[in-house]
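Note that the chains take the letters A, B and C in the order they are written out, and that residue 1 is the start of every chain.
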Amino acid sequence: MTSSPDQSPVITLLTDFGIDDAYVGIMKGVVLGINARARLVDLTHSIPPQEVMRAALALRSAVEFFPPGTIHVAVVDPGVGSDRRPLLLRTERACFVGPDNGVLVAAARRIGKPKAYVLENSRYFRPTISQTFHGRDIFAPVAAHLSLGVEPADVGRETSSFVHLDLPEVTIVPEGIQGEVIYVDRFGNLITNIERTALDRFPGPSLSVSIGSMAVTGPVQSYAAVDEGTALALIGSWGVLEIAIRNGDAARDLGMKVGAPVTVTRDLQA
Amino acid sequence: MTSSPDQSPVITLLTDFGIDDAYVGIMKGVVLGINARARLVDLTHSIPPQEVMRAALALRSAVEFFPPGTIHVAVVDPGVGSDRRPLLLRTERACFVGPDNGVLVAAARRIGKPKAYVLENSRYFRPTISQTFHGRDIFAPVAAHLSLGVEPADVGRETSSFVHLDLPEVTIVPEGIQGEVIYVDRFGNLITNIERTALDRFPGPSLSVSIGSMAVTGPVQSYAAVDEGTALALIGSWGVLEIAIRNGDAARDLGMKVGAPVTVTRDLQA
Amino acid sequence: MTSSPDQSPVITLLTDFGIDDAYVGIMKGVVLGINARARLVDLTHSIPPQEVMRAALALRSAVEFFPPGTIHVAVVDPGVGSDRRPLLLRTERACFVGPDNGVLVAAARRIGKPKAYVLENSRYFRPTISQTFHGRDIFAPVAAHLSLGVEPADVGRETSSFVHLDLPEVTIVPEGIQGEVIYVDRFGNLITNIERTALDRFPGPSLSVSIGSMAVTGPVQSYAAVDEGTALALIGSWGVLEIAIRNGDAARDLGMKVGAPVTVTRDLQA
């Protein structure tokens, strides 16, 4: 990561803190006390408490849309106060700061090949470290110092081992693809783990998609390709196969959630 | 619109994306990747999915309080991926970017006489345009380029036709005014379509206000003019007649919602 | 308060406006129209309508983490439109702007000995003052002018009398401490009024903590000191005694809320 010349890079925040308390604001106060020029962007603070996988996926969905030099802070941290380590991942384009529990990894890999550092140099932490709020005491101040141009190697010790988080993988067979729902968004859209590249192995117009035992229309190009209320499959804004209902809520109306199996099959009649 | 000399104008965002996913943060990442000096302000992201009218009213309520040169982005977009056009409205004071479904019009008219442009110059879009997330791929990057001083005429083609959204109108007769509730806010205040100027046609102290078949106190000058728990009518912060309960929730306690009829009548005994 | 040399100090906002309407965004528009360089940070807008005590505690929890020169605006204002006065508190480190109903006091005292001013100089207000939204018409513009270096004495008249808000106090006896829950956070952690300094009067390893009639483990050093699902007491991120359940929700699972009695007793066997 190269710090931007005017030392005003973007720092994103993603937590499970919610927005009803002042915790997120406190992290921003800590950042701005170190670098008044930092540009803070909230990704989301609505991760259900301690759902590391959902946090990892939300962060991964966002990173490619931020400018080079962005520093991403993710604090979903059930292990705070234990011996879980504070971590920094660095790629060519971005830095990632948070607990070593897997929350950072999928996002860092999305945009590069990360180097990892265990945060050790307490000079870049707050003077007093609580056992319950490392977002405030370690991760926010480290991100702020990185935004001023401090080098990752000054903040921590490079390490080759860090916690990975295994995203569920798809199975590809000659007949098609077996995947699953990995994320449900605010609209009830069912985001799957079936990448566009997997679909591209089955070219031609004749694919069928089902979720659970239910067939849906598509893959189509856009919601507008079907009537309102119709369940459809398309490559959505995440760049993966998504099951949606046009102007409806697929999760609710189909009764589906994370883990629901999604199948893409080659149409035999074709 | 004149871009501010330091190229750091305000860009507001209003969507129905909620705050549980990273979608709003992603739009901010796109903006800051184009103009790192943009000042982003959230209006609200809690518009119920695809309620264009509520979005239009929320945007209209805000525009007069932003500085000249502000760029407003509104993405409540049930027609994304169809042939609905991406639109830019420009007044002397501000630009408005979003889908051509009416969401921008009431706000633009509140502060001027808008010129309209169909967004066509893909040079100012993201390189790849999804069929599902034009907020990220078209509206955010266009707003960011406008904030750098790009002229509306460079971004789109001027048009005289765009989608209007008819706000409900009041009926004024010699006996008084018949209007309705058009927006319910977080406090349960019932915002009506009865403007202060309509009330001014009935000068003097002797007006009566009712909602549905229920009379309320007022019009009064402030909540404090009545006891706690009392239903009242006043010109509220929107500059229109509003039905409220002092330190209470009028929508809940009176059982009223958008569309409820509100009547102002001249008191015959006066 | 000394204004920062580049006139871009932090302005925090804390309200009971929620995030579903544009009210908070409108306050930001007013601020940025006066000082385009202000750095706006949301503390929270989820205070339940008119809960002044909760607002005061949330603000108090945050102030020490913001840089010198920060201006804090708090608008939880059941008396708007009555004769309650608009207030400015000033300490060496920060300014506080809001209604004179106690919401500012605990926070100002946390970081200094405040001087108080009644806001009177309408030159620093919006031209028209509504009777219902002083956050927009008085508090936001005053905060913005302060951020430009306007002196408190120019904005208001110094006063020695302002409304205080009595936080519940602990009782300390030779056998221990009797306190209570004063705030429940998003995780269900039960924040008490028992300060670390009170606990320090009872040194040694042998203290017992109970909430209601239920004993909990601790005080411990961190959540990680107990098994998942175990109720514990620790000095949390607020710097006070807190009752929590490791990776659980203490408020829900113990059935406790604000006002629940919390007792720390010296263990006689020790």
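As a convention for this text, a residue touches a chain if its C-beta (ideal position, glycine included) is under 8 Å from a C-beta of that chain, and two chains touch if they have at least 3 such contacts.
Everything numeric here is computed off the predicted structure, so don't read it as measured data.
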Angle of rotation relating subunit A to subunit B [CA atoms, steps of 5 degrees]: 120
Copies subunit C and subunit A - interface residue numbers shared by over half, same or different: different
Separation of mean Cα positions, subunit C and subunit A [Å, integer]: 32
In subunit A, residues with contacts to at least two other chains: 19
Subunit C to subunit A touching residues, read off their complex: 4, 6, 8, 10, 12, 14, 19, 39, 41-46, 58-59, 61-62, 65-67, 70, 185-187, 221-225, 234, 236-237, 242, 247, 249
Subunit A - residues contacting subunit C, complex: 17-26, 28-30, 32-33, 36, 40, 49-50, 78-83, 130-133, 136
